[in-house]
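Note that the chains are named A, B, C and D in the order they appear, and that numbering of residues resets to 1 at the start of each chain.
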Amino acid sequence: MTPILEAQGLRKTFGGNVAVADVSFALARGGSLGIVGESGSGKTTTARMLVGLEVPTQGRILFDGEPLERARSTARRRERARGIQMVFQDPYSSLDRRQTIASCLDEVLRVHFPMSAEQRAARVSELADLVGLDDRMLRGRPGALSGGQRQRVAIARALAAEPEVLILDEAVAALDVSIQAQVLNLLADIRERTSISYILISHDLAVVRQITEEAVVMYQGAVVESGPTAKILDEPQHEYTRRLRASVPGPGWVPGKALASGGAA
Amino acid sequence: MSELGKFLIRKLFGLVATLLAASFVVFGATALAPGDPIAVLTGGRSVDPETIASLRAHYHLDDPFLSRYWQWLTGILHGDLGQSIIARRDVSDLLASRTETTVLLVVYAAVLILAAGITLGIVAALRKGAVDNVIMLGTTAGMAIPSFLTAIVLIVVFATGLGWFPVFGPGDGFTDRLWHLTLPAIALAVSSTALVARLTRAAIREELGKEHVETAISRGIPRRLVVRRHVLRNAMVPITTVSGLTVAGLVVGSLVVERAFSLNGIGAFLIDSVTKSDYPVVQAIVLLLVATFVVLNTLVDVLYRLIDSRIEPGGRG
Amino acid sequence: MLEIKNLRVRLRVEGEPRTVIHDTSFTIGAGEAFGLIGESGSGKSMTARAVARLLPEGAECTGEIAFAGKPVLALKPDELRRYRVDDVAMIFQDPRASINPVRTVGDFLTEAARTNFGMRRREAEDKAVALLAEVGIADGGRRLKQHPHQLSGGLLQRVMIASALMGDPKLLLADEPTTALDVTTQSEVMGILNRLRAEHGVAMLFITHDLELAGAVCDRIGVMYAGSIVETLSSDALHEAARHPYTQGLLTSRPSLTATTRRLPVIPGKPLSAFEAPGGCAFAPRCAHVIAQCRESGPEFVDGVRCHRVGELS
Amino acid sequence: MTAIALPRTAAGRTGIVALGVVLLLALVGLLAPWLAPHDPNEINLMDAFQGNSATHPLGTDASGRDLLSRLIWGARSSLAGPLLVVVLATVLGVAIAVASAWRGGWLDAVVSRCVDVLFAFPGVLLAILVVALFGAGLTVAVVALAISYVPYIARLVRSAALREQAQPYITALTIQGVGGFAICRRHLIPNLLPLILAQSTLTFGYAMVDLAAISFLGLGVQPPTADWGVMVSSGQPSILQGFPQESLYAGALIVVVVAAFNLLGDRLDEWTR
């Protein structure tokens, strides 16, 4: 079966700086892929290329086997939006503070589908149900919601266009532990119900393990290791992956043990 | 080449480019103006066509626009600011005597603004409560008073009322001049002082709330040293910028004050020339003021760069 | 060495008092590392700030904080300064914001020593270079001349640790010192902090939201919820002996690195701040074991845990 | 938006008072024909320099014109002038700023250069230059002043727009395929509105001072039209004759209005943050 989304030799440079050197991966239909890396690894630039915010300097992106063209026009963007959507890290700045939640979801529906006002209203409450928002929240503005609730709104907004791929860019990183668990469960439920595919961009190995089956590890712009998530975490091959793995606190963990070389500036 | 050297060269290049563009705007705007310069030259009398032709030739009025601009610009670069249509004398001669008054007035006011404004701002920022409230109230009023009104109030109270200061005129000799220019300088300084005081206060308050100040306090550094080394030192960066720009703006503020005190400075001359449509003088003075303003602004930028070590090459911050 | 009893802090927010710390008591022995963990709004950072007397203006602080018998809340300005010079040092979350950006790293490191101990510049610089070497910065002499913007976040936090140790404090207050750092950098910085703390015999109040991290570097842990400590326990016993439902919930709701579960066991609802919490037990609205008594009266902190049902549940 | 609550703090209350003063004076200007006891331009040399009386509550000027009536009528041009300056400068400044911030590239580069050049002309100077060329008058002064304010507003709004459009919610809308114009109109500009409003309010104060200064210099509103700036100027010779009322009354009104707008602007500015 053709992968739903495939990156082939992506490279992105800004002036003389190489943000992404060489990234390839394939996301199976209905699958979930983790892109793991720290700051400066190029994972965010990769995500921006996938949704068309950046144009790759080299390489190409295949969606359902077809190469994605540069999203120049609004129409092209809409077309891509119906295939790939994104949820951002910061639940506070990813919603327009002046817009009610219902109108935020409604706006996306209006852009993508020729629906009547009643149809849209029905679809909005359906989406709200899916992510666990009640009517009172729908009528309110982001200011009245907690971080976790806002992230649910952001997920609902991304799902409104009925995309096949959802890119989660550190989407649970800013949340409190107890809220993070709730959102992770929600993401698992949604995938079960809608057969959507995920790309999870994250530095948090435990989160990656929780909701992905496949993963690639990025370091300084390149993929250094890829394969099934469980295998990467249980038997890391690349030196960097091992260091990353050893840096995560847990029972019996000793800080600084992973310190291989004296820290780089 | 050092980063600083590159920065200075870039600034210099920008300065020249801005001045060129500004000179083009000044000259071009005059050329666009409705009305016939000949009418001004002849004072509205009817003149025979030959005289008109000779006048047009004398003032190069029939040359193409760019060629006239080029002649004007090269003239200025050689110190030739053109000829006054009304006075029939070189503009540079006419300006020479007047420049001194204006420069003295602006420098006098600048000293007052920097001394009073920054002091008041620092005091208000550090002494919360009554002192702060009084200064804030005073500066709120001060910022709302236009300089010409301050001038009138000062004249009413200190010149005609109490008779402490002369009413009009620039005075003779340096001390007498300062004496004569005291009220004008105060009039020019009041609203800018208020502005500088408020912005100084805001800059210091902002710096006081910074985390690095908290770190210094948590290390047991005495408060007065924290204020001096961390708060004032860091707040100097925005304060310098604001004060510098305010002082540069005085170049224009002086127009109004000179008029209110009947001082024979550049500003009064400009207004006079505007009402008489003496274009060469207007062009020259506007360009002179713009040049002063732009040069002062550039100096502020350079100063800013020198006191803020954080600025990376290629931009601020 | 540090003894906190019934600490209660109220801040003024837009002119209205808001309780951020409800009732907190704990002790830290000499050389001991105590981890205070909690979610946002739990009051953990405010507790550290109260210990250093660095609360925001208008804050109201009652209860007792005693450092080696000294009543910290009653110190006069000069005594307070000596207390900060000799006894405590604080490390903040964001090193970039916590170091004066227009002065050199050397100025930052030596300022306190020169001002408070009258050390000469050379002497202070030598000590700074030695401490930089201890935090794993080898070319200290060069670093002293640099400005903060020339250093990475990880290096800056090491500089911050070195600066905290310049005054040979007895207690280190570390407020989420590695939260802003990458995972691998966090591990390095935590390793350095941990080792130096032990070598220099400094006690530590370690504030974090990461239960596992606190468990790894601290001797004992206090779990805060809505402005109160709900449980204190030894780090060794963290996974086995957690008794409070909130502590248990935090431990199980975090995804695991070594195993995948289909659904995580969750604590419903969202974390509350002290001023939002209802009467009775603050955790009652989110607790799976809640009974009528929990909503009626707040449980006392008895034998290391604050829960009415601790006897039946653990 | 949340329901508008009455401000509880002292600072908030001064804001309300300032707003009240501004609205009151605007109303006075609107109702001038009904409020003014006399024709503001009626010259009666026999009544020159009168003190306060029942017929002339604030006295008369050198030409025997009723000062109260002139002050009341003067509210019109004195308030309408700055208002026009602000509206013109804000509309132009915001349009330019948002367009150049959103499009970026060459448009932004060109706009930035033009703004830099305009910056070389301090406000009043540009107005004087334009007046020198096109003749004195309120309209010319208003347009010239508005143009000279555009770069200040444009620079401020552009940097705010750049900050705002870097926010993920704008990126989310872009990804959704919402058009640039719609994003600017429905999201970007509405979110900048509080800032724009605060800035416009502060700008009103500056415009009032600058326009009054231009009128004072004889280059703005022309006598005998009643205008506060003109009155300060035309009252100046009377001061030496021991009659400072005309200048001082008009000046005081200018100060009150400018102070009110500054206070209001500060409150709005705080509220924005």
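Here, a contact is a pair of C-beta atoms (placed from the backbone, for glycine too) under 8 Å apart; a residue touches a chain by one contact, two chains touch by 3 or more.
Predicted model, so just to flag it, every value in this text is computed and none were measured.
Visitor: Which chains lie in contact with each of chain C and chain D?
Guide: Per touch definition, common to chain C and chain D: A, B.
Visitor: Look at the interfaces A-D and A-C and say which one is made up of more C-beta pairs in contact.
Guide: A-C
Visitor: Measuring from the mean C-alpha position of chain A to the mean C-alpha position of chain D, what distance in angstrom results?
Guide: 48
Visitor: Using mean CA coordinates as chain centres, what's the chain A-chain C distance in Å?
Guide: Measuring from centre to centre gives 32 Å for this pair.
Visitor: Compute the distance, rounded to whole Å, between the mean C-alpha positions of chain A and chain B.
Guide: About 54 Å separates the centre of chain A from that of chain B.
Visitor: Quick check on chain C: which residues sit in contact with 2+ other chains?
Guide: As it turns out, chain C has no residue touching two or more other chains.
Visitor: Considering the complex alone, what residue numbers of chain D touch chain A?
Guide: Chain D residues touching chain A: 1-2, 167-169, 171-180, 186-187, 190-191.
Visitor: Which bits of chain D are touching chain B when the two form their complex?
Guide: So the residues of chain D touching chain B come out as 113, 116-117, 119-125, 128-134, 136, 205, 209, 212-213, 216-219, 232-233, 236, 239-240, 242, 244, 247-248, 251, 254-256, 258-259, 262-263.
Visitor: Which bits of chain C are touching chain B when the two form their complex?
Guide: Going by the criterion above, the answer is residues 52, 54, 81-86, 88-90, 92, 94, 97-103, 111-112, 115-116, 147, 149, 163, 167.
Visitor: With touch defined as at the start, can you tell me which chain B residues reach chain C in the complex?
Guide: Result: residues 210-212, 214-222, 225, 229-230, 233-234, 237, 307-310, 312 of chain B touch chain C.
Visitor: Can you check the complex and tell me which residues of chain B touch chain D?
Guide: 14, 18-19, 21-22, 25-26, 29-30, 32-34, 140-141, 143-149, 152-153, 155-156, 160, 167, 191, 248-249, 251-253, 255-256, 259-260, 270-271, 273-275, 277, 279, 282, 286, 289-290, 293-294, 297
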